[in-house]
């Protein structure tokens, strides 16, 4: 057994040095964060391994956009699955808008009258929808003929301004999956076009074969989940049906396992389903993603 | 101010009597559960009100199927939004299978070798997929031409055995929405058909107009969320764009608000977005749905 | 394996009938609540068993006082361990004050100016301290010579008005332990006497032998924890050093295990310490106590 | 309003630089961690301010000992309140023992047979009690005449080996409060002496006046809470009765507010009690302490 070596902090310690201290302490949340860095590094350096990255939550309002874009540009992941909300917030910023530092304890009616939408303590102006409308109105012809959501998001990525996750994925040839795209601000904008009598050809099931092919053709797979929801589950089921299950796994979440939903389920549960190899190298990090992700990525970047 | 009157328990107390005790105590979790019953009752008795019901989580593996079916058969709700997982588990049981009482602290590799999938402490045999395959193989021609997910689920409901939520909704003319249906066991079965060269006509965005029309045409709306995820958000955004926002709201969840995601966001946050009327009657119940829902529904049923 | 039988709700169902439905569903939170009732019932009916009951949290502000008093009067438990806060709120009500139904989202400065203290959404007037002062001033001579906290609380119980947990315990000869009594409103009042030059003879360690004797002399022990904190741990360590460890266990908590503290630790962890027998009958109920306790006790009362 | 500036990670970024990035993002968990560093720094640099530091949880088994000792040696805090468990684990290590890196998903009966106690995924050998016994047997005469717990802990600190929090506090003249010391391994060892007929003079209420004097005589107070429980509450009530309430506040916890207990209560609630000044500078960090504390302290150390 390894002893719990207490974490030592020296002045001007780097994040990577701190994570190494956490690795030698090795227990509880700190140990889990350190293990996540180690697993992410191993998965990247395992050249046979394809990394599936699922991202739920409010990552763009939460200040995580540049980290995600850096991960994409450095080609550290191979499949990106997210929610329509994250892509909407990404595009909103790409169109020149911002999110704002607010408060969670606030009069929401007053906020509304000031034209602000709230996501915990991050605000967004409600006039962003006008620019979203214009953007989609202008580009709808190019989008409407896409056959699948992943194709739709590829075209959307091409059309999106630089400095968006969408465009970064496009440029780096990273496929984006988002099975519940209809459930988002982008979905609402598309509804607006449909309400005007326009049509799309986007099939609801079409990209299932794409994500499963990606999993199926790997020699090894890794799964990284920031939050749960559809992004996690969509990757999990691709693992389930593929001959190669996840050999590496990282999950960062604040959800509890006891109510039985997928978002709070520990990665270990996936072994019963053979979404995860029985001897996989995996860790559950019970932490707010906006704290854990910068820590993990800062250490990782120093090691690559 | 009302005093906190301590809860009195008499022998053989009914659930409704207990909830009335919780109403007079009026604080913390007990107060919230009692308020949820009151709001649900008021929303039902408000004949101008359309009730949107969102259900995430693992409700069928968690033993909640008959309650949901009872709610449907008694026509207490008007719009049903759920996850593909719940519909898959529902159909699996309809095809004659069961879920089983297991343990959460278990060797998942051993479970897998015994042919069992785990959802916390509920198990399902992995051979259910064979019957799902047969069912969809047999019925695919009727399903593949559906234009939207909600139409697909209507046909699926017609084809489903009695004693399923799917069939109950069909018989009671209750529309089911499930924007992420691809992300489920049913999605995987459809992928299997597609992999054989078959096609579906199910459009990813098509039913947005249906749910928004349902919200738009109400005099009043109510929202009830069991868990968060896509079901909650899909209803929330229909409220956002409709002239009538939610006048009543109930949310039962164990997720935290601080990480900023929609699933843990208190209903109050929706006021900033005008998903919720500023003077709406609403409550957040921080509780495992499998505890709170039977309690709430038992009291409600006694009152109707 | 037992199947998950879905919960059926009939009109005017009693709580005990509902709990039996939860027992046949048998999984997730509902299954845990039902198991807690069963274990509590078995521990009571096991005439060789001594039941140690630990209660943290804000149970009196939360409306649980009468349930606790009913448990005490029906002699269902044998040792009571709690916090100074609960005893302070109990005595405050005994002196004629109330708690009030308030809101959690509130301007706390405004509340203060209105003379109100807040515990989540339960309020207490700040003038209660005056009556507490008078009560202790009048009775200090009788209290100051007590040698241990448990003796102090026995005398305090004798002096306390009827309709308090303190007095109920006294009348039913139920010992109260409260190792951190100094850490409470009662502690502050005693500090006031000490500041005036008075003294107490209450030894900080004296009642350790009393609680350990109580555990040591049992043929069997049961532990019931409402919340964690000192009440849980004080019982746990009595189990640890006694020849008889807990044979039955119930824990109701919302705390998480991952940060490593005792309050969130599952009962199972106690097996490594031999605080719990390895084949003990125990359950962790992840639920707000104000929801779970009334449910559990209502079913239990119907069965006794 | 400030915009949410997305966090940028450069190679070999220091922790302090990362925290500054989190400050410019400014929202959700990352924003809260950054704010905690800022408040801690301001409280230290405010030379009129006395810092009360409360520490619950399993900080020594969790690898935090050296950080706490560094804080003590650098004289950054003025009052230290903790649990008996933390002091016991501290002394155990001082006597030459270790904690070990283990697993949370484990057979606890097997662990017990291997002589290991478990705290989540940190283990301790059960033979540590023998050395604790010897230590207290040898030193009991010097300890037994202490009049208060804080005096007892001062003497214990003097007697403790170097490389303990206890001894560091002693050498740096930092008072330790621990109202529930009886509720710990140290308590059990004292019980062993009492069972042999020995006595202590430690009064349960005696040090209330010491901690309140410390709060009362400040020009300004700051409160820092790692976890809740008795350490938090004991400081909170000292603030309540003192003329100067907390002007600065940091709380790191994973407990929820809704069940109403003190451990999960946001600092804001203290304003209603006037434990906190209405215009105090404070933050709640919802995070595992073993992740947040190293981050916060690393940044802080770089700034001092």
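Going in written order, the chains are labelled A, B, C and D, and every chain counts its residues from 1.
Heads up, the rule we're going with is that a residue touches a chain if its C-beta (ideal position, glycine included) is under 8 Å from a C-beta of that chain, and two chains touch if they have at least 3 such contacts.
This is a predicted model, so every value here is computed, not measured.
> Where the contacts of chain C and chain D overlap, which chains show up?
Chains that touch both chain C and chain D, as defined above, are A, B.
> Validating interface symmetry: for the copies chain A and chain B, is the fraction of residue numbers used by both over half? Same or different.
The interface is built from the same residue numbers on each side, given that over half of them are used by both copies.
> With centres defined as the mean of C-alpha atoms, identify the chain lying farthest from chain D.
B
> A-C versus A-D: which interface comes out with more C-beta contact pairs?
A-D
> Averaging over Cα atoms per chain, report the distance between chain A and chain C in Å.
Roughly 43 Å separates the two chain centres.
> Just give me the whole-number Å value for how far the CA centre of chain A lies from that of chain B.
Chain centres of chain A and chain B, defined by C-alpha means, are spaced 25 Å apart.
> How many angstrom lie between the CA centroids of chain A and chain D, rounded to a whole number?
About 35 Å, centre to centre.
> Which parts of chain D, given as residue numbers and ranges, touch two or more other chains?
27-29, 58, 61-62, 105, 120-122, 254, 256, 258-260, 268, 286, 288-290
> Inside the complex, what are the residues of chain C that reach chain B?
1-16, 18, 21-22, 25-31, 33, 58, 61-67, 70, 98-102, 105, 120-123, 254, 268, 286-292, 294-295, 297-298, 301-302
> For a test of understanding, state which residues of chain B touch chain A in their complex under the given definition.
Those in contact with chain A are residues 56-58, 61-62, 85, 104, 108-109, 111-112, 116-122, 126, 149, 179-185, 187-188, 190-191, 194-195, 200-209, 212, 227, 229-230, 233-234, 237, 240-241, 254-265, 268-274, 278, 288-290.
> What part of chain D is in contact with chain B in the complex they form?
Those residues of chain D that touch chain B are 27-29, 32, 105, 256, 258-260, 286.
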